[in-house]
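Next come two complexes, and both contain chain A; in the first it sits with chain B, in the second with chain C.
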Partner chain A sequence: MSEHVGAPARSVGAAIRAMLRRDHWALAGAVTIVVLGIAAVAADLLTAIEGQDPYSYSTGALNPETGGPAGVLGGVSGAHWFGVEPLTGRDLFAIVVHGARTSFLIGLAATAVSVLVGVLIGAGAGYLGGWYDRVVTWTADVFLGFPYLVFMIALGAVVPSSVSRPLLLILVIGFFGWPSIARIVRSQVLTLKKRNFVSAARILGASPWQVFRSELLPNLWAPVIVLGTLSIPGKIGLEAALSFLGVGIPPPTPSWGRAISTAVDWVSTDPMFLFFPGVALFLATWAFTVFGDGLRDALDPKTDVRR
Partner chain B sequence: MQAKKLVSVVAALGVLAACGANDPKTTGAEQSKAEQGGTLRILNEGQTLNYDPAKSSSLPITSLGFVHRRLTGWLNAEGKQVEVVPDLGDTGKASDGGKTWTFTLKEGQKFSDGTPIRSKDVKWGVERTYAPAFSGGLAYHKQLLVGGADYRGPFEGKSLDSIETPDDKTIIFHLVRPYGDWPWITSTPAFAPVPEGKGAEADYSEHPVASGPYQLSEYQRGVKATLTRNPNWDKGSDQIRGGLPDQIVFQLGQDASVVSQRLVADSGDDKDAFGSSFASPAQLAQLQGNASAKQRLVTSKTGALAYLALNTQKLTNPKVRQAFQYAVDKTSYQIATAGSAQLAGDTATTLITQGIAGREQFDLYPTQPAGDPEKAKQLLAEGGFPNGLENLDFVVSKSNDGPTKAQAIQASLAKANIKVNIRVLDADAYEAETNLAKDAVYDLTLASWQPDFPSANANIQPLFASSEIGNGGYNTSRYSNPEVDKLIEAAQSEVDPAAAGKKWVELDKKILADSPVVPLIYTRNSFLHGSKVANFFIADFPSYPNYLQAGIAK
Partner chain C sequence: MTSPLLVLDGVSVAFGIPAATEVSYSVAAGEVVAVVGESGSGKTVTAMSLLGLLPGTASVTGRALLAGRDLFTLPAGELRAVRGGEVGMVFQEPMTALNPVFRIGDQLAEVVRAHRECTAAQAKQRTVELLALVGLPATARRKYPHEMSGGQLQRVVIAMAVANEPTLLIADEPTTALDVTVQAEILQLLRDLRGRLDAAVLLITHDMGVVADLADRVVVMHDGRVVEQGPVAEVFEAPRHEYTKRLLSAVVSLSTPPPADLPDATEVSPGVVARGEHVAVTEPTWSVPDVPGDDPVLTLAGLSVSYGRFRAVDDVSLHVSRGEVLGLVGESGSGKSSIAGAITGLTAIGGGVVSLAGKDLTRLRGRELKRARGRIGMVFQDPASSLNPRAKIARSIAQPLVLHGSLRGAELTAKVDELLDAVQLSTSLRERYPHELSGGQRQRVGIARAIALDPELLIADEPTSALDVSVQARILDLFRSLQTELRFACLFISHDLAVVERLADRVAVLHGGRVVELGPARDVLTEALHPYTRRLLAAAPVADPVLQRARREAWLALGHTE
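Up next is the complex of A and B:
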């Protein structure tokens, strides 16, 4: 660990930069996120360079005896960088990078939904108090103990297929993430509202919304960013779990969870089919977790309130 | 060529039993004979096992046959055409040009409770199938018996007068029209006897009165069902059941891949077991590297017709429907089904399945098996869609690898500018939408059809008669052509099999010219069994193993 201790951070951005210089694990996480992020954004370009796409069947790349990939290591070759999918001959590299797009889109968008809902509800509960606070706290407790995976599976089966699945997943996964954020934000607001600058604003006649926007929110960014980042891997994992169970992203849109689900049956004959999407999912969740940990160390909300 | 090789592998199982192989690993099961005694275990994916004949669509040679005998039965063996043979009764005599059928029951038959089986009990069993509470079984007889159209079962106090039982041994059926295949119809589960007056309770399937070699002694939904010997079964009068094992245990609710792992490992009780569901492509690929397990794999020569149904109510232009015949890549479908053409089955071009008497091989849309997207585009343009079709709704069932197969079709249609959206449904929801719904919203669906008896009649009528649209019928292409309906009725009425065969082939061509379905493959089924299960075979028809002849080797 570096002995260097930077000047007290002036802003969230500066704090993150300082943290990345200090914490090598968090830096590794950040680099992995960037690499996977680029793969997700430039998926079409990357697969075009490879000369493949995630939808075209290529039965020529399969072993005619078994339907598994022809060649060693699941058919890894210059034409198919990660080999091919059994029974279809679709390019596994294309599936993995397009799957990254699916995972990131849903993981990040769902996090945005939970942060938005969680901050609004939590800040309201902490600032307004009274019966509203009690209802929010009670509801959050119920939601935290709710068997949400079962609920999501049921919902996936009930909601008509005319509703866009990615949108449904974002809303459902995002919605179930609000209680943990709301609870932290609420406790943060409870301490903040006793501070003089908040009292001053209130005495000067600021409405709750104005207090929230100009006094509370700037002090909530740090814990919210930490919590949000730390909840992304859980949400990516949840999307993968739902796709694994067959109620997530519908085929043929690539998804890591669905690829892993199919690959489980093939693990004894074609382990590479499980390896590549499995590693991609592992890297994505690991990267967001270590990066989030680094952020928490840098922006610990319990010790530092910034103006 | 490849197909032939496969067939010889299947046949080898029988041959090995007699001659003995060189491989030391196979000294156990394959070479020994099925003997009396032991426990046969059947690993079942389903949570339930239905032993109510009224609600059953079980083949005469599988699980229901252990417990219930029927008026007629099937005798099948490797390399022989399946025959309809006497079971409880004889195979019937037609009179009145095929409109009246008279059957005589064998002497001295008893139920498991010791009471004699009378013709009245067979009649009661058939009448029960008309009760709304006991629907869901095979229903070929329901419209054919006079008065059947508005009969509502015996529990409302009325009997069906078109079934006469002048004495305890004789039963006479009066049909609305001549029907040459009637002795095959009497081999469906509806013609299993139920003691007159019994079976009013909904859970009759859990304590049925047995007429076959076994009775249901224990049933735990989702766990297991145990069959023990029926002391009143008369082996001498039964030529279709071996009745070899002392006990049969169904393990229910087993995960398919776990079943396959257990059977591959072949240890302990699993040596006496076989799996009742098809081996999946991943399992088949795994078996290629395991010589011992590969030898315990039984694959049918042919089987159900897998087809892509085109909803003719929505895709109304025959030109457009014909484009699908060229657009579909049948080879990628084969690979998606079983990993290789050899294990999946031959590509199909006719509606009548292989092995059915009178079948004629033809191809109205000759092209390479991988399809011809250019020709498809050209037909679409002629049909008024030069830019292809967009957003077609393609509904598939989640079960039986449906989504994987659907993706293979989706990818090949895309090459011909036909863009489809796959909609995956659970088995029940799928049935509600394709078979039960009056109006269908889907454009395409994947289906598979194994005839319920070996006659072209059972290939064509259930799928293309306009009476079979909705209400539980299987006409999923919603094909309605009055001329075809008339020809179906004419072919059904033909009592001479050769003449009937010609009429069915004509219908096969006539229907395919309208292109309501794209025939994909004649699906082979593969099953895996333990090393001590002997005499486990799949004959030419049906493409399922004969449960009733299997036994345990010592």
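Up next is the complex of A and C:
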């Protein structure tokens, strides 16, 4: 008879380190995330080294006849590493690295909101059961089928501009992310609840909160980290999509989505304007996805693949 | 002498680390060979390698000759023909071995048609024959797996295994998941089939009683190696290897009854017979009334537990006195665990009273209820699931102290060390995680947690049934010494009569949610009054081939229909 310990018992940290040593794709993802993360955090420093900032207009870098950038490849030069924006002459490198800051801030903070709400609601539904569980499951189903993009666009138009847009985006995107997290957490808790160590705590008179904190939560970290990481690219993409549609981050704050939206009009004359923010968005979503996939392989024994 | 049917010659299996090393044994046609060993001994891995059923990470060397052909070098197509054709397989867990969405008849017919060309009518005909062969009515064809009991399902699995008249039947722990009365019937069926089909049986088991009951020869495995093999009678009579001796001496068997010299039981009230303190019911829907005791810690009065319409526990009255061990015996579905759940508050009570030291637990609320719960300790069946895999041992043991006591810091550490000491574990284990411990060590941790608050009542729900024989004996010894030292009242739940006999002062026998018999352990387990208890006792195999043969005949004479 083999003895099965349901959850992988090694620590989450050790599992991630082992995964990064073994799984080269996940390692590439992690490196990309770190590089983009450093660019986002040190955006001011990097643009200072370049000698630019994302807000100053510089008509000198433009071709006076077309309004497009002067020079080849969208105006790439020692002064403007990624070239400049058509019509304004703003530095594209500064826009991309500051845009990374916006994307990461919203992607990570919105994920934190989803995870927090999702874990609390999902664990409560799984553990307490009864009518609370039915209400949560029903609400989650409604939310999953909800046309949230339309809702967000409408909300962007209705909410007064005095409300901070990044904060609004974080709350709205984060809030719409809870059902998928809550569903998985609920099902995990339903299986954990039947394990005897949870019964042991209940028999001793532990309150639901004590059971959640000391028995359930340590066993939920692995799936929650995987789910959270895999949902970041979707949230970065959603922010870009909203900015693309003009209801996301308002100008002049740099945003990849808005830069891409503007660049679409210039794609025939200045393709590099689309290239740099587009590649940045692609790299960010790709990196979080492969890293999240690696995490799932490392932390979830059910999808154990051998590479 | 004919050459053996199956010959294993120096078979080694490794998953990175060796799981079985240089295993050699043989099975003659029509012979029953039992491979015994504890978990991790390599007995199952070796047998699985024969049919190529190991995961791809396993590396197998050596030779396994079935009627002269080496199974390890056979092409995939021919091996498939061997599987289910010449070799049949019976699995441990019949519920998972059958597909839940197909009818029994269709699944059997599929096996029949997989290995020979035949029409649907012929396959159906053969299905009926097979069902009759394993003692099931032809109407079982129309049933789905969930509509049948575990014993019936195992009969279906056996019918599948013998569908194509195999020369060898591999049975991997065929009765481990079954109740003891059902186990006896399945063993009888296997014995019967072997006689009728002349198939050899390779029986893999950890249960020495099953070996004594069924096998001709026995192969003892330990740490991946064969340490001893020979005819069952010889090995059980005079084991040569040190490990075999240890294994056989660790087996907990029922003691043989003394010559009956007791007065007949007298009817004390309508439907209830008694012989001193030993009482049993004669009415099928009655439960034995409680015999009042002095200084009861736990009293159950008219306890009922229902799941929907099903009454799992029906009007049960029992008590456990201070310092007493009450054994609660019964098969699956008899209501043992529901009673434990009702006492600990995990299961809702349908009716009746559960009182601990005079206080009715069903009426307590909030702080008082929590304090009362702290006076009950619980040891679970499966030590792997009763410890939080992400909590260190010290934290698991300290959990009740943190929830109920005021101990913190150094005092808490000292108390945890004291508890580890009490269950004979090294204090160096305190910073380990459960998966780093063996099954026996984990169960000791579970016991340490249960006695942390010095409970008045300890509930042990099958605390040794998930453990190996040798570990089981040591855990029982520990249990007994702790009980003598700490004098807690103990409700000891088990399906294993021999284990209960070793520990319990009194025994209550549960059947269909009712207590059918209650009395001093010795009387109940040797001179049972209720027919169900007698069947239960007769069905439990003992690890002695000679004695077991006599017991088997007695069991057959008793009639074994449910």
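FYI, the second predicted complex is superposed on the first by the 291 of 307 C-alpha atoms of A that agree within 3 Å, B and C clash if a C-alpha of one lies under 4 Å from a C-alpha of the other, contacts with A are read in each partner's own complex, and residues count from 1 in each chain.
In this text, a contact is a pair of C-beta atoms (placed from the backbone, for glycine too) under 8 Å apart; a residue touches a chain by one contact, two chains touch by 3 or more.
Keep in mind the model is a prediction, meaning the values are calculated, not measured.
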- In the overlay, answer first, second, both or neither for which of chain B and chain C A:F82 touches. neither
- Task: Pick one for A:F176: touches chain B only (first), chain C only (second), both, or neither.
- Result: neither
- Query: A:F288 contacts which: chain B (first), chain C (second), both, neither?
  - Reply: neither
- Between chain B (first) and chain C (second), which does A:P64 come into contact with in this model arrangement: first, second, both, or neither? first
- Would you check which partner chain A:W256 touches, where first means chain B only, second means chain C only, and both and neither mean what they say? neither
- Query: A:A157 contacts which: chain B (first), chain C (second), both, neither?
  - Reply: first
- Common interface residues of chain A with chain B and chain C? none
- Would you mind writing out the residues of chain C in touch with chain A in their complex? 39, 92, 173, 176, 206, 344-346, 369-371, 373-374, 376, 378, 380-382, 384-391, 396, 399-400, 403-404, 433-435, 439, 449
- chain C-touching residues of chain A, taken from the complex the two chains share: 1-7, 9, 195-197, 199-206, 210, 214-215, 218-219, 221
- Given the complex, residues on chain A that touch chain B span 55-57, 59, 62, 64-68, 86-88, 157, 161, 246, 250-252, 262, 264-266, 268-270
- Query: For the complex, which residues does chain B have touching chain A?
  - Reply: 257, 280-286, 288-289, 329, 331-332, 335-336, 338-341, 398, 403-404, 406-408, 410-412, 414, 422-424, 426
